[in-house]
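Right after this note come the structures.
Okay, so chain A shows up in both of these, paired with chain B first and chain C after.
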Partner chain A sequence: MTAPFRPIRAWLVGVAAVASLLLTGAQLSFYEESLPGTLNPLYAQSMVDFRAQELVFDRIFYHDPVDNQIVSRVVERSELAEGGKAYRVTLKDGLRWHDGKAVGAADLCFTVEAMLDPKTPSRIAQGYRTVLAGCEVESERVALVMFTRVFHNPKERLGFALLPKGAFTGTAIAPDTDFSVHPIGSGPYKGGKGKRGVTFEAYANGHHAARVNQLSLQEGGDPIVQVNTLKQKSAQGIVAVAPPLRPDVSAADDLQLKSYDLRSWWFIAVNTKRPALADKRVRQALDRTLDRTELRTLTIGVKPGEQNSPCEFISGPFVQSSPFYNRAVPTRDKSDRATASRLLTEAGYKLVGGLWQHNGQPVKLNIGMLAPLDKEAPELLQQISNQLGAGGFDRVETRISVDDWNRRVVTGQATEFDLLVGKWSFGVVEEVNQLFETRTGAKGAFNIFGYSSPEADAAVAAYNAARTDTAAADAYHKLHAVLADQLPYLFLWKLDTKSAWRTEVRGNTISPYFYWTEVDGWTFGG
Partner chain B sequence: MIVSLLLACSGEAPVEPAVEGPRSGLPDTLVAATWQVRLADDAARAPFEGREGWVAWSEGRPADALLAFAAEGDAAALARAHAELAVDWRLAGQLASRATVEVYGRTPMAGDPAEVAGLVAAARAELGEAPEGTPLPRPEGWASQAAPGTLPDAGPVPHYRFRESLPEGLEVPAVHPGAGFALAAAHRAAAVAADPGSAGLVAWMDAAWGGEAPPPESPRPTTVPDAWLFLSLATTPADLVGFGALPPDTAEAAASTGSPFAVLAAACLPAEDPVGCAESAAAGLRAELTAKMAEVAGEPRPYHRRFAARAEVGALVHLARVYERRAGPCALPGGACEGVGARDADAAGRLRVSALDRADGAGVSESLVWLWIAAWDVGNRNTVRAAELLHRASASIPGLDAARVPLDALHLRVSRSAAPGLPVH
Partner chain C sequence: MAGWWLRPLLRLGAAATLPLVVPALVAAVVWALPGDPAEIICPRSTCTGGAELAARWRLDAGPWAFYQAWLGDALGGEFGRSWRVLQGVPVAELLTEAVPNTLVLVGAAGLLVTLAGLGGLTGALGARAEALARAVGVAPAVLLGLLAAASIELRYGADAFGPDAASWRLVAGVAVLVLADGAFGGALAGARAATAAERAARYVGVAVLRGEAPLDNMLPNLAPALVGQLRARLVQLLSGAVVVEVVLRLDGVGDLLWTGTLLQDFGVVIAAATVFAVFSAVLLAAQAVAELIIGGVVRRVPEGLAS
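Entry: the complex of A and B
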């Protein structure tokens, strides 16, 4: 018998009305991988930094997360000038900084000049110095931005965050000022960083109307506790939910997994400067001692033969779906202890009492790991250590805080370590020059252990000199092959990032890389 | 067996009682008519159990499934597998063609090989656009491969190596943009050869996923074998052949078409918040099917959630397609519009992403969804997600990575002309 038809439209309208009533005063709490290191957009070093800054600042132009068009919230109109070597930008009227002052062309030019100032020690600014040549204020809202050359896509080159001139005393901007903790932006939220979290208060502006009044960023602890807290409605979201817990999230009707497009790959950097690891054969032996399949199963939860795993092995510094990935270099999925033993023996190592010795001394590997990785891949450090132990290496493990990672590891000062477990994330640009080029001057800025190889340097130089896309891809294919042979990194895997949000959070479009670009459209019905 | 395998590969958590959530508002008869509810009955589902082909299908391995169906002698399932692979290949053809146009047509660079002009013209022709210049002809032989139970291929990849027009020019790999379309045609022919009675369904299914409209002599099928519905994104025959069709004006009239998706679309098209409405409606459909399946089976079972998740994903795909159709030219890549057209285009885009989220979240491995989104992304020059989705689909459909050649070229161009970027941890 046919049931009477229920008026679905009326029901849906009712739901929407109730939800909109609940929006008033909405507060939303979410877990991040860690606390941001800085809220100053010139000094972002982690994805957490970029994401937090996206809530506070406007980028001049950005890509729409839905259709990828280049759009702006702050620009009223723009046009090419001076034969294409400049871009005239007219800012919208009525834009306000979070301190109530008007946003104007002087701020845009100040931002450009700050990035061009060599006394601003920012890697991000350094990148823009190859693109930007200067800026002139033409009127209160009109600025003329000059480029170093003609670009066919000038808007793409203006993707930086707008800074307030009034908050600084000059164009030389230091990283460790109060602005990094209590920034003044023009974005949807006014942010303030505390010791245990970051609070973002919605700031009504002509170009932003965030519908969630307050966002509270908390550092995620135990991943199981994070998911349980979400289930109990004490928090609403987890930016990066651990893969082993994703089925649990998926099975809960009031939680939803959301994709977050980010190219991330994981590695173990090897200290090639340590005598015990300087011989390539030793690094190759370490590579063969690892059983990545077992590691992945034990830490990520991937089952043998699982289709469409979020975690895919890599043999070089790119994800497999990238055109820069050299598919001729095979991944090493399983351990090969026999070959590892042979290589170590050839390198002069001796196995004594089940432990390898080098020059008559036991080899003790000092292994460090970026601490938040434990939340995505629980027990990874311990499992790597166990495998190396089973392979005959004594070792000691340390979890490294984000602050220490930024301060010592990335800057190449953590030379007391033999192995460092980390991950790198990329957007559409996948340049790895700074990771592997010999550290000199501005080059090799993120070369963790000061690896230096003429072959790798030559490949990077070829990439930089490439006039065509094919030449660039070829150069990186060569770099991939060199690195897979010389092993300054033991490459592990790429790992998809997924967020978990309560279903009461609606309209939560997650932007690739920057995450919060569309936060104005988010609602939370309580 | 299939149920236990579904569980084994998903790592699903134990069944939890469903939280009271939105309901779809569908008439009970429509809910009862869905394959999810009908096949929640063990006896009704028995013909699908213990078969390699369906296990492969449930795991997102359509090519393996096709070969298994051929070995099992299941003509209907074989025809369905060929028909879906035809859609996959056509979407891959669109992706490759659009990437070719975007990289060499829209953003040419000094050094591009001279021959790419022919590739661009061929790509435009394949996309139904007016070609500029002389299209490079399709290599012969692709379309003639139509043997049921076999996987046609387009030969070794790349099809060409063109020399860059620079003194130190390197060889640039290239594929003919027609390869995907040719293999799609071969699969359609194989589907009909496998099961001549499926000709109408093959044509309508292709049209439902954006292919050419079926010929006038091919009326819309009203009955569909369960082999075409089981583990599909549709819920009923009317859904299967009506993906993306604009619904009647009222929910009552939509219900009379036999398509739950049409009912949801009729309810959401007038909504002020189209995305919110669509997501609520799709979630409501999932909840309602889950509850009804438990009623039919006598208890909640873990596979109910996955069957219902397919319906939710299907509903989101359908609603995205409906908004896209209503948006018309505004939904085309780069279509700059305002007003209702822009709102519909935006809703269509957001619902695509939502469908992908739900598919990924629920472990629904569906190459149709991946390629449908990837082809759209390429038109928007959003190469990062497109590359990842094509990479996924290529793992289970041999030869599909041919489409990667122009996509790689486009990604390189997009990446190298983007603002400076640094690795971050």
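Entry: the complex of A and C
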């Protein structure tokens, strides 16, 4: 667009903003699981953070929630360069930051450089350091992003949020800056975080025209109070409704349950470094001791034989709808105590007084669980412990706070535990390399108990070397089979996440993982 | 009674040192606790930049260096930025918002508790009022606070933190603080008990026989005890304010202290704890000054007598 037309365009954008305000003018309030910790995309730690940031920032590329194609709102055109080791990105004209400044290639390269700066203490940036090698500004709107190697899915590697160069003094970005509460993005909403909530004001832009003027994020307290508040029209939505309350929501005429594809799966990580658990047969015995059908009945409330259950068993590290899920590996829905006993006996265990002993010592399992899982599956830790107790294992249980989970468990320092119950969530890119490859350098960063297997490493290497989607899927099918055999994790289930929204909220397409990607189409009131 | 001034002077000394000692204790506790707050953001085993972050937060040079640097900045009015409570927001800004809320909460509750004491002192509130206040005071602040918080949440829904609800939260907070844990009943009972004991003294009987009002005679002797009771009640209210602010989600210093502790935001914790120390120091100093004034008046040589 040439310069003389820019004032006209800005005027039109202003008129559109005022019109949208007059037409809808409504504030849409919703409950989140908690308040976001930060609105700075480099420091997102929870799903709440990711969701809130999706309202404020544009990611370079994202998956269209309707047809799953990789698309972009900010990129005009893009092409592979330098034999596949780089990607040339041309940004659209007329993009604006929330402070009115133009979005340009310098911002894109700044974002890359900020993530590559070793003084930026960000785990998200750390993840990108194995993917991105640098960035060159070729012109005002054209940037060349360099990769560390050739990827079969280069666009998916550019799924990070765009940061404004002008909002920072350097590429070493600290978490405790004003940007974390009053960020400047280019997304559909301008966000402001307070101590009790977050407000998002619509910001009309060339590539966004949100029709709901204001969003108000509140911290969800008691789930029953949340649902009652929704019924009384004092709030319009709940991002995640606990399974036991879903029938109540379904029964209300003016509320609707909506699926939120979070691709979360639940697991029990097994400490393969412990002498008592190093033998594969013992892990297999534990796997057969668990009765998953009973567990989900007692904790999630799934009735036996229930159709459309929110809880789907899995046999590996992917949800069943994933192309990476290996359907040849069966799920283990019920317990098989006889086989478990045989395996333990073969492994040299002896049953004395109802408890299994290893080398003459009773086996006492130290079981930990990520504490917030209790909200979705009440008493899960206790029920798992009870089943293991009935199977002849002594045990002690601990609930682990989110901070401790992030600081000690994910980093592989919680070695005092034998079993850890947790949940991983993924977007459309379900890459599990960091969970299962041997922990060395930047590899295996989320390998909880330092599991190491040449077969698993080989499968991960095959995935990394894949140049086609089929080759990547084949590699992960192999990994799935290896893990189901070696059992560094006892895989439990995928638990559906459901949102509740009042029926006055229309056009509310919920995107996988990031939730608000299509918020421009949402309407309410007016 | 030589050396009657010693106790008030000790109080003044304690008041002067309290705001220095409390942040030192917080710094010591921060180092004694397991874990490093910088590791929550960026575990050093999996993420570079953690050392820079620890240096930025002064967690890299030991508790004494942390304390010295914090104190130096704090004396200049600089409290740094929140690490996690409201990441990036200056702690001074958080305190500017929180301190008035806590002062209003504790001030209003303190006023009502003082009125209870005055009622007991003058006999306006008798045994029946005391029994009733004591019965209500059996309820713990947590319980009353939760009831109030639930009713506000249900009434206001997603607007539970709007201006209307905020006013109700404050009113409910004051009510809980005054009624719960025997604050009102204790003040009333304390004043009545002290008055009754003094009233039994011989000099009061003599004064009554002389046709004088007993309170005028008792007050100089009662005043130090009553001032001490008032300070104790206000300290109790300050402690209670932490519970009330947390349960009712009032944006006060107590809530900052609690949230900061949960999130290991020690920049906020040390500042909030110091504010509480300053509150306590002010109360100690006020008590000491009152004791000195009263002492001076009581020990004044009556007119007409040779010294």
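Convention: the second predicted complex is superposed on the first by the 290 of 526 C-alpha atoms of A that agree within 3 Å, B and C clash if a C-alpha of one lies under 4 Å from a C-alpha of the other, contacts with A are read in each partner's own complex, and residues count from 1 in each chain.
Everything below uses one rule, namely that a residue touches a chain if its C-beta (ideal position, glycine included) is under 8 Å from a C-beta of that chain, and two chains touch if they have at least 3 such contacts.
As the structure is a prediction and not an experimental result, all values here were calculated from the model.
Novice: Kindly classify A:Y189 by the partners it touches after superposition: chain B alone (first), chain C alone (second), both, or neither?
Specialist: neither
Novice: In the three-chain superposition, say which chain, chain B or chain C, touches more residues of chain A.
Specialist: B
Novice: I'd like to know which partner A:D67 touches here: chain B for first, chain C for second, both or neither.
Specialist: first
Novice: For A:G197 in the superposed arrangement: first (chain B), second (chain C), both or neither?
Specialist: Second partner only, chain C.
Novice: Return first, second, both or neither, reflecting whether A:G507 touches chain B, chain C, both chains, or no partner chain.
Specialist: Only chain B is touched by A:G507; chain C is not.
Novice: First (chain B), second (chain C), both or neither: which does A:V131 touch?
Specialist: First partner only, chain B.
Novice: With both complexes overlaid on chain A, does A:R123 touch chain B (first), chain C (second), both or neither?
Specialist: Touch status of A:R123: both partners.
Novice: Counting only touches as set out at the top, which of chain B and chain C does A:S180 meet: first, second, both, neither?
Specialist: second
Novice: Have a look at where A:Y451 lands relative to chain B and chain C in the superposition and call it first, second, both or neither.
Specialist: Neither: A:Y451 stays clear of chain B and chain C.
Novice: Once the structures are superposed on A, label A:V225 by its partner contacts, choosing first (chain B), second (chain C), both or neither.
Specialist: The answer is second: A:V225 touches chain C but not chain B.
Novice: Touching chain B and also chain C: which chain A residues?
Specialist: In chain A, positions 123, 410, 446 sit in both the chain B and chain C interfaces.
Novice: Which positions of chain A touch chain C when the two form their complex?
Specialist: Contacts found on chain A: 29-31, 37-38, 40, 43, 117-123, 125-126, 172, 174-181, 193-197, 216, 218, 221-222, 225, 228-229, 232, 234-236, 403-404, 406-407, 410-413, 445-446.
Novice: For a test of understanding, state which residues of chain C touch chain A in their complex under the given definition.
Specialist: Counting only chain C, the residues touching chain A are 35, 38-43, 45-50, 52-53, 56-57, 81-89, 94, 150, 153-154, 156-161, 249, 251, 263-264.
Novice: Provide the residue numbers of chain A that touch chain B in the complex, in ascending order.
Specialist: 2-3, 5-9, 11-13, 15-16, 19, 44-47, 49-50, 63, 66-69, 123-124, 127-128, 130-131, 151-153, 156-160, 246-254, 256-259, 261, 263, 301, 303, 306-308, 319-323, 370, 405, 410, 422-432, 434-435, 446, 467-474, 498, 503, 506-507, 509, 512
Novice: Under the stated contact criterion, what part of chain B meets chain A in this complex?
Specialist: 9-16, 18-19, 21-29, 59-61, 107, 109-112, 164, 166, 169-172, 251-252, 255, 263-264, 267-268, 270-273, 275-277, 279-281, 283, 287, 305, 333-334, 345-346, 349-350, 353, 356-358, 360-363, 365, 377, 380-385, 387-388, 390-392, 395-396, 408-409, 411-425
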